[in-house]
Every structure is written in structure tokens, then in C-alpha cells.
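Supplied in C-alpha cells, the structure appears directly below.
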Amino acid sequence: MSTWGEHFRVTTYGESHCRSVGCIVDGCPPGMQLTEDDIQPQMTRRRPGQSALTTPRNEKDRVEIQSGTEFGVTLGTPIGMMVRNEDQRPKDYGGSTMDLYPRPSHADFTYLEKYGVKASSGGGRSSARETVGRVAAGAIAEKYLKLSHNVEIVAFVSSVGNEHLFPPTPEHPTPSTNPEYLKLLETIDRQTVDNFAPIRCPETEASARMTKIVEQFRDAQDSIGGTVTCVIRNVPVGLGEPCFDKLEAKLAHAMLSIPATKGFEIGSGFGGCEVPGSIHNDAFVVSADQRLTTKTNNSGGIQGGISNGASIYFRVAFKPPATIGQAQTTATYAMEEGILEAKGRHDPCVVPRAVPIVEAMSSLVIMDALMAQYARESAKNLLPPLPATLPTKPATAPNGA
Amino acid sequence: MSTWGEHFRVTTYGESHCRSVGCIVDGCPPGMQLTEDDIQPQMTRRRPGQSALTTPRNEKDRVEIQSGTEFGVTLGTPIGMMVRNEDQRPKDYGGSTMDLYPRPSHADFTYLEKYGVKASSGGGRSSARETVGRVAAGAIAEKYLKLSHNVEIVAFVSSVGNEHLFPPTPEHPTPSTNPEYLKLLETIDRQTVDNFAPIRCPETEASARMTKIVEQFRDAQDSIGGTVTCVIRNVPVGLGEPCFDKLEAKLAHAMLSIPATKGFEIGSGFGGCEVPGSIHNDAFVVSADQRLTTKTNNSGGIQGGISNGASIYFRVAFKPPATIGQAQTTATYAMEEGILEAKGRHDPCVVPRAVPIVEAMSSLVIMDALMAQYARESAKNLLPPLPATLPTKPATAPNGA
Amino acid sequence: MSTWGEHFRVTTYGESHCRSVGCIVDGCPPGMQLTEDDIQPQMTRRRPGQSALTTPRNEKDRVEIQSGTEFGVTLGTPIGMMVRNEDQRPKDYGGSTMDLYPRPSHADFTYLEKYGVKASSGGGRSSARETVGRVAAGAIAEKYLKLSHNVEIVAFVSSVGNEHLFPPTPEHPTPSTNPEYLKLLETIDRQTVDNFAPIRCPETEASARMTKIVEQFRDAQDSIGGTVTCVIRNVPVGLGEPCFDKLEAKLAHAMLSIPATKGFEIGSGFGGCEVPGSIHNDAFVVSADQRLTTKTNNSGGIQGGISNGASIYFRVAFKPPATIGQAQTTATYAMEEGILEAKGRHDPCVVPRAVPIVEAMSSLVIMDALMAQYARESAKNLLPPLPATLPTKPATAPNGA
Amino acid sequence: MSTWGEHFRVTTYGESHCRSVGCIVDGCPPGMQLTEDDIQPQMTRRRPGQSALTTPRNEKDRVEIQSGTEFGVTLGTPIGMMVRNEDQRPKDYGGSTMDLYPRPSHADFTYLEKYGVKASSGGGRSSARETVGRVAAGAIAEKYLKLSHNVEIVAFVSSVGNEHLFPPTPEHPTPSTNPEYLKLLETIDRQTVDNFAPIRCPETEASARMTKIVEQFRDAQDSIGGTVTCVIRNVPVGLGEPCFDKLEAKLAHAMLSIPATKGFEIGSGFGGCEVPGSIHNDAFVVSADQRLTTKTNNSGGIQGGISNGASIYFRVAFKPPATIGQAQTTATYAMEEGILEAKGRHDPCVVPRAVPIVEAMSSLVIMDALMAQYARESAKNLLPPLPATLPTKPATAPNGA
């Protein structure tokens, strides 16, 4: 279904070429100042037409709040949001070829199989325009997280093709054991990332090489994949529901729900499998403010499915976009072999525009986990103290205050 | 929460050292023959004490069905299942050290922070004993999938440490472009996997090297990680809910909910980011039985979040186990630096025993998606035919029959 | 939350005086013809300003579909719907008194306590305008139910004040034992109900008496309650999830979620408690088309939480509206006693306008239960036949065909 | 499905004649003292065989906690609970007649239609034994509510057949306008209710008349219905989710999910429809402890779907039990007319034993709503204060403290 979250619940609607796209955000805490100005910046970072590296479709993507606020303050009731589809060119998709062929590795075939009908043009519901509602909702969650806990969420491009910001080495099969990498994660901010527009990889040389790769694939009417790394700082200890809804499991779910994603790894990730436990284990130390923290962070801020107070970071793989101009030998819906040269306006590499989408989904995951823990923590705090027979600790707020 | 699934819903209970562990399976189709004999084989593949490479804890893990069947047939009502905890040795965990220290990279610290109390011994709820209920539930789903669609689910160990069954190469940054790999995925079965016990990597030489690695780490009182690959064959076309509940997103959620996992990749995965779209795209061809299928399978059987009828395959990363016998400098709950030498019975490498758990979670994901699609498909099939104005296809059953 | 349903899921948004109200319908079967013309009639039956007996607020309530259809056919994707708020007069609610007092028996006080903020005018989210989205969604469900199973849903006013269409008698403490009542339930249609506008009680004399009562209360600036009875015909056998989600439990939930409701009874209801089991039991007989059916219908079409194929009928109690023009001695938010004479435009009796809302919620309940049963039934039908050892019956479609 | 609740989630299992019945309670706050002794009293109040007025089936109904506690303290993890089925006599139900006939107004027919199979004896899942798990779970919720907020939940029998504790009168079409009734609701406790065993109507003369009615119907091998009234005192202000999940809607859902229920009314209920708004409205007054409260309580403690701090009370209708010994002319599964004289052990009137079940479901509803509000309230309280432009109130805890 098109719903995310139990406490801070987002439901999205909209196809690539319908009247509008948008969402309803239910469960937003009441009493928070909120206007379109809080939401628009991430919409703008996501929108198409930003540079010569992205699709030339031109959408202003102005968000309009329909309900749930009054005098610029949230009422606690559902927040309806809408963005009109303006630069529609359904005709680009019609004509002699695009109607006849399901695009290879695209959703055309499976949507038709699943539903028996499909939108006649563009990706319909499978289009990245569907993420407009996610980004709008994420901006609200993010504002709350910032105001209440100073949570900072920053994503950036960490590879394009085989060009990596931190390539694996024999010493560091995962960058998580490399102090330089952890330092970057602790300091990177969005302004810095955007300074490296259009590629959004925050390092001058890597950025230049990546840009060149994308240009080459664009010019060849081909496409290429890449990865986005995201860090979430200042997350309270104790978030995540053990068993099925571990915090990293929800993050994985959220990230793999973004179109074109192929993989997710938390903390040390796949490379971490190659590191001995004696090195991989994050030993405890006492922090400057006299709390237990970890000396290293191969865990990526999550242990046993629960946040431990350290920075949460993960990496998401995006495949090369399926729609390419290059001729492809494939088959028609009518099961005849033929050659498809796709039209339409498409990105040769999605990772730069994926950055705000990864951030949005991150904020939705953390927000929902936070409210779940609030419920438990508040409930616990109203109980009478226990007899001193267990290794318990005093009740604390979710932020550890 | 401890619930998985909307249609075929599993709720588990149990800690490492309580009276019993188990689950309730709600929504199982009625009229299916089912006894403990259908469930026990996977329980036995998962149980501890199988070999010198795994924890010596000895549990028979005999499952007892409490409800939901009569005369060996499912009633459609909730199926209660229970496995007694027998070989409990909570004392192993007590004593002078284990009570004082949160184990590095273990759930000890975060559980105490989250709940304010924690089980006094073992991992409590974070123990892998929690997966007993998942495997029992998965065996039921798997039986249904086999009976109704001949679905086959086979997992195996694909790497231990830096020893890979299919290591990445410049030509094949992802094995998904390697025909040898796809051939293995189409033919591997559980019997073959178990023939390579205890390591469960179905290739003689790799298996030997991996076994040696695990022995080395075990003897050094250290631990090492690895990956499990899983293939699901004969999945009907059309499963997966677009937007947030894409099929690969649910699989990622399910896999990252297994203790000790760090990553998930579907199809070409992270390596696929390095492959041009023109190679990565799975062109359509007509199959022997006159249906559209794909020539290659970099998609891993899923396009746009929806199964396309090809084999679904993915890889899961497991970190080195956190509990090691080796001395670790860390801090106590009381925030004093000290040295922990962990006791208890633990696996030096979890991947061999993770195999049936990965299979179980896979079957739960597919089962739930299948029933969601049944609801839609049945609803659609009762509608009158449309005027012939859209690129629609005739209504078909979810299995495309 | 503002979400209803698991399979056919409706999420609504909107307050009494915001930019628009509306909803997202997720899970609508694909391939159904649908335009605004299918939805508007029920919107119009619900809208204010219909007669001298209802609030003079004048809203055209034109619904606009935003997404989820193309060429007038559902795509299976979320259907966004919007109705603009036009005749807003927030000033009516301001001024010297309405800002100062929480209206007695209204949501003003509890919303402020719950959220800490409240909409400055009108009922905000507690306004009956919130039901606009429900009625729009219900019209879609209803169209599906009609097309697929010829389901007919008809509600009508069964009492106003102490004036009842079928008052309880010693012989019939519940009308469900009265054949005249059952006959009405089998034959009533919407056209007949609307012929008795504005009161919508389908009997000439009762209708006249009820109209008079409403006029009296309106003229006295007072208000009065009433009941709405609803019948749902041609519901397939087998709908409803035993245990917590019995079909009558979901109907009760749905009905008590409509503003101003105070009670719900299914079939014989409260009066049925006074009837001996030997009379109350619905004996089985063989129907004309050779199926088991019941001779009487005190069950109201549901046994053990599951539909039995007979007509489902129930009654819903609506209290006298809380907002009255008459002077009331009460207290201000600032806890000072005073006299409130409420302004604004309000209904003296809500039951006539509640009729389409009751119908809409009914259709949402049946639609969701139908899709749940489709999933189970389809799953069951793919299993191999059982050995003949149980009192089973052959697999049938949910509609018993 | 067999799951109740989002935050405090109960999943039950078990049929009338399987190995055990029970439940899993997920989401219980950690750090609460809890043993079987907290749960057993309500189990004992519910169990069969209590008196000559109830079924002679003899079950001790000893509950065993399987998980989720250690040293008598909740861990915050799922609490598994089990009660063995001991006094099983499936043979009572077999033989020449009970196998052939679906019992009129029972679940036999609809279960077979829904599932295609049914339990061979007794009610299977539709048996009241399914409520064992609910009562066990409710006892845990109730303990929490008592410890944290001093919530008191008391149910009692308010009518049997046409014998009412507070019969409707022209002056009081609903007892909610009768001060005597409200006084009873404020003072009644469980001990007093049980002093009127076996009928549990807390008034000497009414109790005697009701007992006599039940005896008459029992001796005639017939059955009779009745109502249970329940009051919930000291519920914090602000519970209930507006729109679909109003607090009274959840209560209605919960109550109508109890076997044999036919109706639900909150506060003034159906009788309240006959009372003018000017009388029905609950004017605000200032309480002794300087808070806004209401002078009357026709609302039943809920306004706009949200608790207002006054006592919540409601009434539930239970039909005459379907299984009666008296001969009934009906039809067999094979569609032949015949005469059924039901065997088995059954209650002639269920209301006395329904009392603890109604209390249990009440506690589950309140507990879940409380935790939902905790999440919102905690989230709100961490926001910075607003500029003073809205009619807001200072943030408070859910208990208004």
C-alpha cells in the first residue's frame, strides 16, 4: 500500500501525468510552526531540471498545504499536501515504439501483469514523481526532529560507477574502520554537499571524476548507477523495535522502497563481514559528558536493532536507470522481437537527485521510531519504582536527558 | 513489535532463558494438511549444537502445535506453536564479569537503555533463540507455497570472511552478470547445500577454505562474518505492492530483522551500480511456453517492486558475532574501564545456521505478498470487461495461469 | 488515525475551514470504470443546505479526482480526491462568546485538551465536513460492490425523538421479529427514501410527524436526536474475520466513528435480549435456489461474526446536536460561569443528512471484508483436495457461486 | 485477524477442544511487577462451572506465563500466556445429530462456508473459550492502568430478559439523565458485584428476579439474553483518536467482538436520541480541584471521540445463547429438514460470565488509547513554545497533571 509509518503516517498519491501528486501526513505533533517555506527547500533539491545532468522535465514543484495547520501552526490533524503536475508531455511516450514495448528493467511489464491495466504514458505510479509526496512529508518530520533533538540528516553521493569516495582497500574492506570516513560523517552538512552540485559528492577530485562519468554515459545515451551514503546524527538512544522492526530493518525497508535501489548496508555493511569480531566490536568508553558511548562505530549507531546514541549511517545502491536512448533489442507486449529506442526525459544517473529522497525516508523512519519509543517510555515512567533486585537503570527520557 | 505480515501474520514470543519460545501464525489458508513433521526439519537445520563449528548449546527444539489444526488439517484459525527451552544455563552468563559489562556490539547496552530493565542472562529477547518462532512459521508458509505454486526457496553460504564463492572481478563487478552464477541459482537445492555441512557453501574447494577460516577464528576465540545468498524460484508474476511495500523492500526489511545482519542486496546489488544500463537492462524475450520473460536477470526477479516471474535472488551480510572469548578492553555499566572475557556458548560464525532463517523469512515475505495479490486479483476478476480503449491484458490468476 | 481499512484503505484530511477536504483511496481494484459522476450523487445527498431542516451553509461539494484513473478507468493506484471549502464564514464563530466558551457536549474542550491547540473556528477536524472524504470513498466501494455482487445498501431514518417507524411493543420488543419490518428491509430503495425528503423516513405519516418534531426543535433553537437504519442486501456468505474483527464489530466501529453517534445494534439488537432463544434462533431452511438460508433473520445476516448470506441490517443512534442557539449556562475556558448562545450554521437534527454517511461507512466495511475473504478463498482454492476425512465442503468463490 | 491493539497488542489462539488456549501480549511497558497471581482472579471470574446458572464444563483455567517477565518483572518483551484445555468432551458434540445440523443462530454454518473446513466438535474458534486469552491480556492492561492512573473498571449485569436494573421511563428514556444511576456508576466496585453472585446485578430485588428468569429458561431448556453495563473511572483526559478511531468507536468494536453481542451504546445511548439537546448537553462547571468538568454526563465521558475526564460508561447487549436443549425444527448440512435437540454444556444466559470479558476488553481499549496519546503528548512537549497567537493551553501530561 502507499502508506508509511504507524505514528507519523504518510500516504501518497499520484502518477507521472495525472492532475496532481501529493500526500497526507497523519500524526504530526500539534503545536509546531509549519508553512510551505519549511517544505519547499527539499522539494527544490529533488525537482527535475536542476542541471545538465538530470532530466530536462521542468516542474516547479510548489507544494500547497491543504489542511492541518492554522496561522502557521500544526493542529495535530492530517496535513494534506498537493503539488500540481505541470510540464506533462504524455505524447513523448506514445508514438510508434513506446506504446509497443515494455521497457527492459522498467516497471512497464510488471505493472501491466499486476493490475491488468497501466498508465498510458510515463512510468505512471512507478515514476519518480511519486517521491514528491515522500519528500514533502519528510521535510515535516525533519523539522520536528531538528526542533526536538537537533537531529541532523545529511546524504551525499559516495560513488558513481566504479568511482568511489572511499574505495575498499585490503586494510579497510569497509570504510567504517577508516577514521577519515568517520570524521567526514561527523562533519558533513547539506550546504557543503550542495556546493558540489550537480554531483553532490563532497570531495573535489572525486566529484570531478564522477561528473565526467555521468556526462560520458549521458552522451552515449546510456546510464550508470551509484551509491548514496546518509548519516543521521543526534538520534536518541533507544529507538527501534526489537525482533521484526529493528531500526536498521525499517531503514532498509524505507531505502529499498525508493525507485531504482538495489541494496542497503548499515555501518560496516558487506565489507564488515570480512573484519574479525575482535576488530569489528565497538568497545565501550566513557564520553566527555559522562555517558557510555563506543570508541569505534562499525555498528553504524545501532545494536540489537536499537539506536545506541552514536551516528547512524548507511549506504544505498542505485542501479543505472532503465530508460536509455540507446537502441535495445527486446520484445514487444505482443511478443515480437524488435528494437526499442526510448524517448522521454530521463536521468542518466539518479544519485544526485536521490539525495533528498534518501534524507526524507530517513526522517520518516526516525520520526516513527521516536514516537513509538515515546509511548513506551512515558508508560514506563508512570510506574512505581521496582524493588532493587534487577540490573535496572533509572527511567530516562528517550533523549537520554 | 513482534508481528510480521498482514495476511499471513506471525507473532513471536520468547527469550533465551524463559519457559518456552514460540509463535502464533494467523491467516494460514484452511484445508491444508499440516503436522509437526512438516515443521521439524527446518527447526532441526536451525538448532544449535549441530557441529563443532556452532554453539554447543544443546536444544532438541521439538515444536508442538497447540491449536489451529484438527486431524492434521489447518482450520484457518490461529496456529499456536511452542518449543520448550531445555538446555538453559543462565549461570554461564552471571558471575564476576558478564553481569558487569555490556558486551561490545551486542544488544546488552541498548536493551537496558530502551527498556530500563534487561534479562539477567544471555541475550534475552535479542538472542537468536527468538528466531525459533520465525522458522516454525516459515515452514508453514513454505509448505503452502510449494503446494500451490511449486515455489522453491534455497539459501546457502556465499562467503565467509574474504573467501567468496563468486568473488567480484573487473568483468563481473556483480556475479549477476556471470552465467555460471545464474546457473547455480537455477539448480541448487537444499540437499546439495546440506551435503556441504557444516559450512553449507555448495562448492568443494570454497567450502573447505571457509571451514578452515571458521576454525581459525573459533580457535583464536575470535569471530568472523559472511554472507548468505538465497534464491526463490517459481514466484508468480505480480507480487509486491508498489511504492513503500515493494517486494525487495519487504525482503530487505525481513532480512535486516534477522540478528547480526548488516546488509542486503537484490539481484545485481551494489556491484550492479558499476554496470552500464545498456548491459544491466534485462531485455525481454519470449519463453518456451510463449510468455514474456527476460534474457538476463540483473533485476533479481523484481521490476518496479513487482515480481516478474524470473527467479528472485538476494544476498545478506552477517557480521562477526559480538560475543567472543578473547579479552576486550571496554567499560562496565558503572562506567569503569576493564577487561571482558565473555563466557557462554556462542557461534564463531553464524552463516551456516542462518541459512534456514533466511529461508523462513523469505517464505513469510512471499506468502504475505501472494495473499495481498490474491485479494486484488480476485476483486479485479469479478468486474465486467472494459471497453477496448486501453492497453490492458485479460484477467489472469496471480500465477499467470 | 484518519485511516480506515486494510485492503481498501481510505485516509481523509480536512477541517471545517481549511483550503480543501478530501481523501486518498488506496487498494481500489484496477480496471473499473470510474469518474466523478459516480461519486457526486452521494456527495450531493450529504451536502449542507439541502432543505429548511438542515444547516444553511452552502457548499456545492464538487469532487475532483486527482489521480488513480486514466481515461475513466481505475489503475489500481491510489485515488486522490479533493473538495474545495467554499462557503467559509469563520467569523460566525468568533466574536465575544464562541471564542470564550467550549460548547457543551461538543469537541471544543477535548480537542484543546488533547492537542494543546485547536482550530480557531467551527469544529475544525471534528466538523461533519470531515465526512466528505468518507462519502467520496464510500461511493467508489459501493460501485465495486454493485458491479461485482449486486450489493445494495440503503439507509433511512427510523426515528426522530420518540417518534419511531417501528416502535417496540410487548409482542415485538425488537422489530426484527416483525415480518412487516423484514419486508420493508427487503424492498426499500434510495429513490423511495429520497421521495420522503427532507426527513428520509419512508412512511408518509411517520415522516410527517418526524418533520414536525424537527421543525419544533429548530424553531425553539433546540435540537433532537434520532436513529438511522441501514440494510445491506446481497452480501456474499463468509465475510468477517472471527475473533476481534467480526463483521458486526467492524460495522459498530465504523458507525460509532461518525460524529454524534451514541449507539449501534445489529439485527435484533437490544430488544433481542428480551426474546427467548427458542424464538430468537434463526432456523435453517432450504432456499428456492437450493441453498441453506434462514427462516427468520434476528441475526441480522451475521452469525459468529461472519455473514450468512441473509440481509445485514443495523440501527445507529444519533444524539441531539450539541450546538444550539438557546442560552446555556456553562463555563468559559477561563473557568468562569457564563451564558453561551451559540452562533454558526447548524442542523437541528442530523439524521436526514447522516443517511449517505451511514451508507458510505457500510460500503467501506463490506468492501474491506470482501477483499480479506478473497485473499483467503483464493489461497484455499489452490490447495490440493483433502482426503475425505472431515466435514468439509467443496471450495467455492466468496459469492457462493 | 486475531490481533487487537497497536501499542499494547494482543494476539490470541485456541479452539474449544485443542491442546491449549492463550495469547501473546506485545508492548507491555517494561518494569512492572507481574506474576500469574495478577491474572488469575479475572480468569477465575470468567471460568465455566461457577454456579448452577452456568455451563457445567469444569476448567480450572490456570494461566502460565511463558515469557516476557523475569523475577516477576516485565521485560518489555512479548508475554506469552497459556491455559491448557482440560475438561474436553468432544464426544458430546458428535453422535447422530450434532454432526448433521448446523446449530441455528450459531457459527457452525458460517465457519464452514468461510473456511471450507470446521472443527469437528464444539464451537471451535467461535467458542467462548477463545476469550480466555483476552481476559488474561486484559488483566495485565488493567494492572498497568491501576498503577499508573488509578483507573477502575467495573462491569455488572444491568438486565436479563425484560428485567432491567434501571428500566426506561417517560421521564428518563435513558438512565443517563437519572442521578441515581450516575451515583451507582461512581461507587460500584467488583466486590459488590460479586456479592450478588451468581447473577452479578448489584441490587437485591432485581438480582432475585433476574436469577429466577434464568432458572426458568434453564429448566425449559431455553435461553435468554441480557445486558452488561460497564463503567471506567479515572480515565485521563485526551484519549481517543478523532475521525475513524474515536474512543467510543474502539469500545464498540471491542464489545461487538465478544461472542453473542448484539448492541453497544455509550452514555445516553439509544434513549438519548429522545432527549432535547438543551437537556442532553453536558454544561461545563469548575470542579473542586479547579478544573473544567461537566455537570451532567450524558456524553458518557467522551466528546468528539476523546475522553473528557468524566467516567466512561456504556452498555452491551447479549443475545440469548444459540445452543438450547429444546427441540428445534431446522435443516441439516445436507439440506434436509429435521429436528435438532442440541447436546453439550452451555449457559442459559451468558451475562454473568460476560462481566470479566467486558472488563478485559475495556482495559485493552483504554490501554492502547493511552499509549497512543503518550506518543503524541511526549512529542508535543519537546517542541519550543509557540508565540502567543492561538487559543492554546500549556503542555500537560496525559493525566492532566
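Read from first to last, the chains carry the letters A, B, C and D; within each, the first residue is number 1.
Methods note: a contact is a pair of C-beta atoms (placed from the backbone, for glycine too) under 8 Å apart; a residue touches a chain by one contact, two chains touch by 3 or more.
Per UniProt, the chains are A, B, C, D = Chorismate synthase.
Computed from a predicted model, the values in this text were never measured in an experiment.
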Legend entry - Longest centre-to-centre distance from chain C, chain (CA-based): B
Legend entry - A-B or B-D, whichever has more C-beta pairs in contact: A-B
Legend entry - Length of the line joining the C-alpha centres of chain B and chain C, rounded to whole Å: 44
Inset, instruction - Return the distance between the CA-based centres of chain B and chain D, expressed in whole Å. - result: 39
Legend entry - Distance between the centres, which are taken as Cα means, of chain B and chain A, whole angstrom: 24
Inset, instruction - Check each residue of chain B and list the ones that touch at least two other chains. - result: 1-3, 12, 27, 30-31, 70-71, 73, 76-77, 114-118, 120, 125, 242, 376, 380, 386, 390, 392, 395
Inset, instruction - Please give the residue numbers of chain B that touch chain A in the complex, ascending. - result: 1-4, 12, 99, 101-102, 104-118, 120, 123, 125-126, 130, 159, 161-162, 173, 217, 222-227, 237-238, 240-246, 248-257, 259, 261-270, 272-278, 280-286, 290-292, 294, 298-300, 302-309, 317-322, 324, 326, 328-331, 333, 335, 337, 373, 376, 380, 386, 390-396, 400
Legend entry - Residues of chain D defined as touching chain A within the complex: 6-7, 27, 29-33, 70-71, 73, 76-77, 144, 147-149, 242, 370-372, 374-380, 382-384, 386, 389-390, 392, 395, 398-399
Inset, instruction - Would you tell me which residues of chain D are touching chain B in their complex? - result: 1-3, 9, 11-15, 18-24, 26-27, 30-31, 64-68, 70-71, 73-80, 82, 114-120, 124-125
